[in-house]
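Input: a single structure, listed below in structure tokens.
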Amino acid sequence: VQRRPVIAIVGSGTAAEAAVSNAHELGRLIAEQGWVLITGGRDAGVMKAANAGAKQAKESLTIGILPDASTEVSPGVDVAIVTGIGEARNNIIVLSADVVVASGVEDAGTTSEVALALKNGRPVILLGTTDAARQFFSDIGGDDVHIAVSPMQAIQLVSNCLKVRRKEEE
Amino acid sequence: VQRRPVIAIVGSGTAAEAAVSNAHELGRLIAEQGWVLITGGRDAGVMKAANAGAKQAKESLTIGILPDASTEVSPGVDVAIVTGIGEARNNIIVLSADVVVASGVEDAGTTSEVALALKNGRPVILLGTTDAARQFFSDIGGDDVHIAVSPMQAIQLVSNCLKVRRKEEE
Amino acid sequence: VQRRPVIAIVGSGTAAEAAVSNAHELGRLIAEQGWVLITGGRDAGVMKAANAGAKQAKESLTIGILPDASTEVSPGVDVAIVTGIGEARNNIIVLSADVVVASGVEDAGTTSEVALALKNGRPVILLGTTDAARQFFSDIGGDDVHIAVSPMQAIQLVSNCLKVRRKEEE
Amino acid sequence: VQRRPVIAIVGSGTAAEAAVSNAHELGRLIAEQGWVLITGGRDAGVMKAANAGAKQAKESLTIGILPDASTEVSPGVDVAIVTGIGEARNNIIVLSADVVVASGVEDAGTTSEVALALKNGRPVILLGTTDAARQFFSDIGGDDVHIAVSPMQAIQLVSNCLKVRRKEEE
């Protein structure tokens, strides 16, 4: 069985404008590739924008991994998974993704998502981060950390990572 | 936003033939209603049959909530959520569902799923259980426990429960 | 290294008087044996009574496995583990225990704890349950389910189970 | 009720010698203050050293929050909490601690622990980290991030943080 690839977009619920705008573009491009989009599902910042972007593409499928039953869900989420485990749900987002794209690493929640992705051996694409974040995660993550300068380049890097994963599974 | 209802089918990975056959029928009927099917995702017993049944319907969407990254996934699962939290993932299955249908309650795992559903206020439909299970869960769960004698009747009960939930949300 | 045995007492936060009184006695007896007591940690019902009982014994050590940071903690809990995973914390209680004692099985939460204990191969002692509960769990759990008629007999059964576990580990 | 403060030491299971040696000293000093030590519990690196250090003090109490039932436990752990939730257990370590001390931030697991601590509003003391880590976490965590140059200074900072927390609770 060949399931559709699952790509996570992570980022802050209170992200700066550039990160939100990038997330919207990333969401659309991911959905246009036929990949499933997975996010933290909240109706805020990067999550909201990524899901809204994805829903502009036909055949898009968006899964939101919510911290709790009381979380306000992004309208662009097709299926809401209610984990009830709070911030620990970040580990589920990255475990369920083939590749993780961070649109900015501006807060502690996103940092934990990138770190857990690397801990679990998932490739991470960093888009629009500070120099300090790039430096730190390159030290920690080595070859699993990739730097993109645009949403389009991020998609290209995701595509390369998927090819590598597919080869490893064969 | 009106998301598609999400219905869980729970049951044993080593279920008896009747429970497996009922799960297949339940999966198909749930998907034909346009509802999203959620299960524990494993390639065994009730889970496998429910997903296989659902995939016989056009427009079906099946989500598998897996205990761990090493779990063998049912071929009928469209999107695999890798929780990494083992049996605690049973709480995520029921929290994410509007209604939970148990096709047999033959083992401890299914018992925990029914119990966690009731703990979280989710209606539960029991199909094909022993007298002891029916008696026990009716004692514990009161009005949230419904008994079905066929997959078709289970679907009717799910439909009623969804109407009640929708009214409560208004 | 030989760590002190860890015994869980599970039961309802709104338990009937007999179950609460039994839990107090069980807590005291467990602590007097030098065993660590583990509970769901809440300041209610069986949990509160078990911890209060344990603290009557010198050298007692009580661990509370809390669902969330906002949970009111039983005063008899020495160390509070804040899981942040809600009801899924029931799986942590039973995984961390060598043996699980249920003082009544009166609600869905306790049912999930007994079920998860059996799913994970932990022996369970049932004290003061209904006939329906005894019948149902004996069907599901087989040899791992033991019936006690008094706190003192429950302790005797725990002691036997610990001997068996120790032999298996050798 | 005034429970003993709980202090977490986090760090890599494959840490460099300086981080391991600091963790041993930190563990001893924490236990000598009468504080409960909480760690990830594994028999490796910073975790093993911290627990070994703590057990040199009388009245020490060490809790290990294990990822899974198969984890090899540090001999210095008094009570092992088996979470069964893998890396998501990092969130439980920090939620259960009043203050978190990182002895080096050398890998992705430790990064996630520091990030989750900050996400949950726990003060973090960084000891023996790279310039890149200090820069990055100061950007992300603001006033909740404190830098220590020795185990003794770390303990002083923990003590200050505990006083602030106690005042906030009053």
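Going in written order, the chains are labelled A, B, C and D, and every chain counts its residues from 1.
The working rule: a contact is a pair of C-beta atoms (placed from the backbone, for glycine too) under 8 Å apart; a residue touches a chain by one contact, two chains touch by 3 or more.
Model, not experiment: these values are computed from the prediction.
Contact count check for B-C and A-C (C-beta pairs in contact): higher for B-C. Averaged C-alpha coordinates give centres for chain A and chain C that are 40 Å from one another.
Work out the mean CA point of chain B and of chain C, and you get 29 Å between them. Within chain C, the positions touching two or more other chains are listed as 84-88, 91-92, 120. Chain contacts here are complete: no pair of chains fails to touch.
Chain B contributes residues 68, 84-88 to its touches with chain D in the complex. On the side of chain C, the complex with chain B involves touching residues 85-88, 91-92, 106-109, 111-112, 115-116, 118-120, 130, 132-133, 135-136, 139-141.
On the chain B side of its complex with chain A, the touching residues are 1, 3-4, 6, 36, 61, 63, 65, 69, 73, 75, 77-85, 88, 91-92, 95-96, 120.
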